[in-house]
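Take a look at these structures.
What follows is chain A paired twice: with chain B in the first complex and chain C in the second.
For the complex of A and B:
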């Protein structure tokens, strides 16, 4: 029986598709700096749009800063906050 | 094939464009290229020129143009009714195509240009084919993407107070609203054929094609990330996709070849803040460099301002800054010339030289040719203005020939000259600090936080090394002072590091002399993306220009005109 993907799994899948990292996302831990791993500002916008699409949320202006998309853990925290607000 | 620049459209508010004509002056229909807007317009300039050239090579007339308030056309971002003006500009470009003798007209649009092309096709009718290239399905999505990008590029966002700030541009609240509600009319005309090009990782914009009512042919818009989402110097035209688009348009073209001709207008009267200025297309020097000159209403004998390319952006300047300053300064009495160096923008490369090569050594000849062309009696009577690579080139040129003034914004001195790939560095480079393989290794081996800690020590070592070589800033700043050049360098902290780690190290003997000024602005972005930075840099340059070259009794008038 397959398990439901966790939030972090889904974030990693979005990053694999849109972040254009210099290394496979699987080689980075949750706190690794994605910008140091090659994600550009343009790619981070694509990640943001893909996350919005997948989770049917919208990042407010206050969250539109590099630190929100700095790592898997940071994205996880931002999404958790948004989902708790909308729940 | 020939490419002819021309003003067209309403005489009181002219638009600018290029008509690409097949070699035998016979064309099977015309294609109007609807560009993207804002940052993406600059990103696609080279690609669009290539598409137009390929269309003409395939026997079609091609028109590329700037919407009202963009590129070289009349107007600014914050004028009212932007979206309807852009749609009117498409109609006027179509009228231009028909006036040339084209029997059928097709449209190509990329990103917001695709949305506008779809709406124009449905509203106007009589459009043969429409190519929707990586279209924005909604204007709202585009504004959101670009506004987010600016915030992620720059952490010191200050807001504009009016409208929405995008990287390098500002859209008014009205423009954002109108763009957000722009849709293809349900009862609009149907183009005969539609080609929808979608990025491999995106969903097709079927809402757009459904509204158009024509079953689209589908293809992949490969390479968009390398065209739109990279630094300006790294953009790549997706040649395979261009070939596919040209082939698709050519294959289904119902028009039979007919004679076409263009009655080009090389000058226009351009309105600007309550006055009218004359702009004219010119060619400079033996290489035929393309330029647009903005003439003051009353010549004042002040030096001619020459504006250089920033990276491989074209002559409109970074975020259209050269167009704005040309018109602002011409209103204050200065003749301004914005031009493309050889192989950049709309200028041809020199024989046997590659196109789109940033920091080419040919730039030395280009700037020399330009100053002799615009001031043949006294080629020293020029003010050179440049950002990034253009700022560097302005400094280099002023060290070779007497110059009235130079304005260098974020000049980059530390780079790898392209000629190093095949040989030695061009001996004319006097202030470049070539990036070595050692520097590349250092960058790839050490993480940014470590490099940040080492930066001060490292730069100090480099300065000591360059002082021995005579390439340090204090040496050539003092040379410029002795030569009588007024120098204003404006840069951020990062760009200031190559100049020196202390004021004494930077200016040396030139310290304390009013003619040499280095303004370091905290947080200044390399390409002046935030609006407040463009306003601040414009103000400093304008104050300097008016303060130094307009007689004191005329300054109040000039300052009003340039405010």
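For the complex of A and C:
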């Protein structure tokens, strides 16, 4: 039986589809800088919208900062915060 | 005013990426990033519209490079490209972007945009209110 994908697995899937990274997401650890790995500002908008669709949340303006989308770990922390608020 | 009083921001956007975003996210993408005025100015065949939208996105990012937010970045819609009746474009800041400009003592802003061969680019140049011997104000911006 397959295991449920973790939050970080789902984040990595969104990044693979939308971040336009110069290297495969699987080669980056959770704290690797996604902007240094090739994610553009415009690609980060797509990542944000795809995360909102997948997790049925909306990033408030206070979270619209480069650091929110800087790494898998940073996105994981932001989503966890938003999900705890909406729970 | 001296050259030290000027701030410059530039940005380059792949037009095909904007076209993909419009196709994938539709209105959600448009209404999250662009104002009603900007959306109205970018009507037309998808390829043409994507070029105009990409130039505006580049303008917003170039402006952010001038504003240099330390914390939360202003909403993209608080930086608006306004098309004037004569066809030229200028920047209008409101909300958090306008407040940041005042805090940084920036303004007035000059904007130039272009798009061709799959890419859109924008350059924003800002004077410094102190460079004009005046205090920064909200004049020309909306709160």
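Quick note on the criterion: the second predicted complex is superposed on the first by the 87 of 87 C-alpha atoms of A that agree within 3 Å, B and C clash if a C-alpha of one lies under 4 Å from a C-alpha of the other, contacts with A are read in each partner's own complex, and residues count from 1 in each chain.
What we mean here is this: contacts are C-beta pairs under 8 Å (C-beta built on N, C-alpha and C of every residue); 3 or more make two chains touch, one makes a residue touch a chain.
From a predicted model like this one, the values you see are computed outputs, not experimental measurements.
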Query raised in the report: Now for A:61: first (chain B), second (chain C), both, or neither, which partner does it touch?
Result: both
**Report entry** Touched partner set for A:6, first chain B, second chain C, both or neither
**Finding:** neither
Report task. For A:69, select first, second, both or neither according to whether it touches chain B, chain C, the two together, or no partner. Result -> first
Query - Touched partner set for A:42, first chain B, second chain C, both or neither - result: both
Query raised in the report: Of the partners chain B and chain C, which touch A:80 in the superposed model: first, second, both, neither?
Result: neither
Query raised in the report: Residues on chain A in contact with chain B in one complex and with chain C in the other?
Result: 20, 40-43, 45-46, 49, 61, 64-66
Query raised in the report: Which residues, counting only chain A, touch chain B once they are in their complex?
Result: 17-18, 20, 36, 40-46, 48-49, 59, 61, 64-66, 69
Report summary line: Residue positions on chain B within touch of chain A in the complex are 141, 145, 147-149, 151-153, 155, 201, 225, 228-230, 447-448
Query raised in the report: What residues of chain A sit close enough to touch chain C in their complex?
Result: 20, 40-43, 45-46, 49, 52-53, 61-66
Report summary line: The residues of chain C that touch chain A in their complex are 11, 13-14, 17-18, 20-21, 24-25, 28-29, 32-33, 57, 61, 69, 71-76, 96
